[in-house]
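Next, two complexes with chain A in common: one pairs it with chain B, the other with chain C.
Coming up: the complex of A and B.
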């Protein structure tokens, strides 16, 4: 700190002179308006980098993606170079055909159905477990921080590593889970090879991955509820359930709405779990919208860019609708968010 | 539930403890132990597997001829170190650039009212729910036409689409926790908004910035979809792509894969455990007050 002082004062002085110079130049009459303009100028200058970056690397691709979804672009007709030959793009504008196909065909709707089931079950189970563990951890109990550390571990390990760990456990012939079952005289379970079991398995892994975040977020919420409220409720003879229902739940509502929104969006788009665990298989049983869209553009031949973009846009629309409805419902209930 | 009044001290600190029976304590501990075992076990199992010789990799024995040969093979015979370097480069660049670009925006959104603020907030929120699927094709095509596929630079630019909105959002949350009086004292002393930001707020926000940086690092470190699609060829892969090689290409090589998993997870987990306590604060603060 002491070392910084000279340079600090120099810059500060420079800042002073800038400020003084401007205020001298503006005159007094319109100083209020000028000042607000100046403030906005600062704010705009500060947000400029992000605005430009978002416009260039998100806005432009997004517009292009939407455009692609209105064409019949695929691997064979986009601009590409083979050796020294540049082949120009020959795909054509087809209007809303892709959307019509997606929404009337069975594949999108059935994938959407499983994606919704996947999202709802993952989020609700994760939330229930996270809430339970947060409540347990919020009590004074020996070794609390040690338990907390262990319980957070699934969040701390990079997702793709954990998914491989689970794949190892799930392995039908040699995986630990089936060996344990065999020890109990139970037949091997086709964890990832049977459509129904695979669905169960991917949900299990995602819950395992998601509980720590829920737990930590809800624990933070619990700790911000003043102890006096519980004390007062106990004085008034409220039992444990009543305290939970009328103090804990309302006290957690703002944290819960946020984490449920976040985790719904994350789960809906949870690419790595499905992709690395089952690649959407067996068949297309565990394919969620995001992985299916990825498959269209990178795993089938010819790569179908148009359909992939169409699905991507539909996913985005669905999520935005969900967020808007969610917000509106909360507002009706008088939530602040 | 007994009706004896707990001592006031006990009520203030621990509303429930004063009346918990030993049986309830046991139940709590059992719950926590079971949950902890489930949480830790898959990771622990990988660690144990990585220490077994190849012939025992798929056995269920916990310890059998503990050896480090998986690690030595991994480092000698596979491009693991190259992948590790690629991941480090990509995640590091993403983090530095992302934090650098978004810091001022977080501050502006936290402090000022200005035309366009609402729109910006919504953009930041909505871009965070962008599915990979909607951007991956156009970005892939753009990168292909610019010759940036298979280049770390291309992946860094792509990751910025995730990191920039996220960092701006998180940092708004952290800046919100710094009292406005500090800004005001800066103005009184004649600092411009930039000066206030740079000299007063930024130093105070260092922990928050560190956490934001850690988290965007970990996100880039663990990203799978873009990395799998954009990077091909052994020498260009990042870890997420490289690890898939162990399962797909050569059959399942569980030993080296377990060793690689351990080496990938340890730095990430250490960084994470250090940063996580502040992480949730920033995320929910930014979201709730948004």
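Coming up: the complex of A and C.
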């Protein structure tokens, strides 16, 4: 439940403040607003830093990104001031052209296809593994805390460090994995050099990185299921599978819906794994939407800020749609979330 | 009123915090008050780490001996990241160096974007007639000079003489010979003959030129990468990899290539003078005489290697322009170039350096100078720096079998047409 609770409370708090803000906005007389400012100035002052910081670091880039996606801005036509050279902006508003190009061209759709495959396979494998490990570690086995510690390790290591470590392991000529395989008489596997293997390799690394989070969250969920339920079920003659199916799974549902949602959003935008392992290569085989958007904005030249922002906005829209649909489906199934 | 004061104080405090975040300058100011240079010059070098960087760092910091009040801050930025890092820093106006080692193809692009200070009439250019014409060409853009040539280079075949002797083969002069030589080496040693970098399209150029192709024809404003010769270039490299004559990688190409060659796991690689110092550090080349060098193999239409090199450019937003000009001049002076040539076998850009005794007897420089003279010059247009991103994607796709040479060449051509509007 550790993961569940804070996210809920945040959502609630945000909802509250919006509702309150609105009611105040529609207030009948100015004096009301004036009085509220006079009585609550301290509260306003307290939330001001947070509001300003959020507006500056989230609001401004978001609005700016949406604006750029409606222009033809690139490196050559944005405003620059370098020492003595003052160069004014000359980009133009082009309406929805960028969106039309992205959605009708093949590149966006093919990248989206692989991004979906990547997300679905990463999340499902991570969830399945995390659930299995959580169940194993929930039992009383010798050295349980040692195993738990060990399995959390990938989480404790900074992401880029482990990705680099994997990159060394994957190296076709000098990597440890191929050396081990060679010891068994197996030919070197082109982990990152063959398009299909590269796809497999990046998924494997992401699963490795994602399992600890799943496991810890689900373990927390498992421990919150009262033991009496299992005892009662056992008395009634339920076998292990039935107990899992009818007690564990419903008991875990609120945790698992949350972690699946979070994990989906994270994996969909999992920049470091792809970027540091393959840079989207070989060719464009492992390029997901965010790494491609990065490429537009930082790797190609002239840097295409407009197209990059367009892809960024599309990613945001896709994820918001996903979250909305997901919530709807859950609500239909009677979930509280 | 107490409330009012508190609120004002809060706002003031916020303002101060924001202002503190905003002010961030790359280099501290410093100018000549009495004609003497002072302050800090930050230099971004892109030379190979572990071999070249030590020499360049020492040479750069020796600038202090001439100008005691100037501190040189040496920063090595990996070559593959430098172009983007500099653009980021230069555009945002914070964190950019005063002087950057700019690859020849980047220079017109940086100049076009307004990031570089024009150098005509400054202390940075001295004795301009001494520069090789080819080297100076890439520093000019729209009638102004934006950089000083530091080194010039081209490519050749590096080969391991010991392995060649064991296999009883001669250095291949053509692609066909390359294939038979590779096959013999593989038969004798079990290792592939040639390492061909698959993650950087610069290593593809000599094969493209060999078939009579080129990326673009700047004079006729034509895109030529997808013409029949260009397609043939793609076919040649694909065939080298498929037939086992060459080994390739789609990631970590530089490290894998150097490691394999230095440990004697491949007999040949195509490379340039920038790799010499690093190669000599390998165990196979403890005896420097074991490293052989020869011109790149000729294709069906002849032989050609790209002309490359590096310039030193001064950032237009530098707070210490005068010292930066002097530093650029110092790093490209006859004495400095002679030191660098002697220690690293890098090719000088000044005629007068080649006749210095240490330089004239250097085997690598002696080999590369005629290669550079004949090397294929690229068009020095702002877009030259942009041509590689689309090419490398398609090149890797062709080598890993994700697309055919025809489709790869066509996709590259299409990308160029988007980049170069109005070109055919």
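Here, the second predicted complex is superposed on the first by the 287 of 337 C-alpha atoms of A that agree within 3 Å, B and C clash if a C-alpha of one lies under 4 Å from a C-alpha of the other, contacts with A are read in each partner's own complex, and residues count from 1 in each chain.
As a convention for this text, contacts are C-beta pairs under 8 Å (C-beta built on N, C-alpha and C of every residue); 3 or more make two chains touch, one makes a residue touch a chain.
A quick note: this is a predicted structure, and the numbers were derived from the prediction, not measured.
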For A:49, using the defined touch cut-off, is the partner it touches chain B, chain C, both, or neither? Pick first, second, both or neither.
both
Applying the document's definition of touch, where does A:332 land relative to chain B and chain C: first, second, both, or neither?
neither
Applying the document's definition of touch, where does A:174 land relative to chain B and chain C: first, second, both, or neither?
both
Is it chain B or chain C that touches the larger share of residues in chain A?
B
Under the stated touch criterion, which partner chain does A:231 make contact with: chain B (first), chain C (second), both, or neither?
first
Touch test for A:284: chain B only (first), chain C only (second), both, or neither?
second
Which superposed partner A:87 touches (first chain B, second chain C, both, neither)
second
Look at A:302 in the shared chain and tell me whether it touches chain B only, chain C only, both, or neither; answer first, second, both or neither.
second
State whether A:75 touches chain B only (first), chain C only (second), both chains, or neither.
second
Classify the contacts of A:58 with the two partner chains as first (chain B alone), second (chain C alone), both, or neither.
first
Find the residues of chain A that appear in the contact set with chain B and again in the contact set with chain C.
45, 49, 78, 80, 167, 171, 174, 298
Can you list the residues on chain C that touch chain A in the complex?
3, 6-7, 10, 14, 83-84, 87-88, 90-91, 93, 109, 112-115, 117, 198-199, 248-252, 256, 259-260, 265, 315-318, 321, 385-386, 389-390, 393-394, 396-397, 399-403
Residue positions on chain A within touch of chain C in the complex are 41, 45, 48-49, 52, 75-76, 78, 80-85, 87, 167, 171-174, 192-195, 198, 277-279, 281-285, 298-303
Complex contact set, residues of chain A against chain B:
8, 11-12, 15-16, 18-20, 39-40, 42-47, 49-51, 53-54, 57-58, 60-62, 64-65, 68, 78-80, 132-133, 136-137, 139-142, 147, 149-162, 164-169, 171, 174, 176, 179-180, 208, 211-213, 216-217, 220-221, 227-228, 230-231, 234, 239-240, 254-255, 258-259, 261-262, 265, 268-269, 271-272, 275-276, 289-290, 293-294, 297-298, 305, 308-309, 311-313, 315-316, 319-320, 323, 336-337
Under the stated contact criterion, what part of chain B meets chain A in this complex?
1, 11-17, 20, 25, 28-29, 31-32, 35-36, 38-40, 42-43, 45-46, 49, 58, 60, 101-102, 104-105, 107-109, 112, 114-117, 120, 123-142, 144-145, 157-158, 160-161, 164-165, 168, 189-195, 197, 199, 218, 221-222, 224-225, 228-229, 239-240, 243-244, 247, 252, 254, 257-258, 261, 264-265, 268-269, 272-273, 276, 280-281, 283-284, 287-288, 290
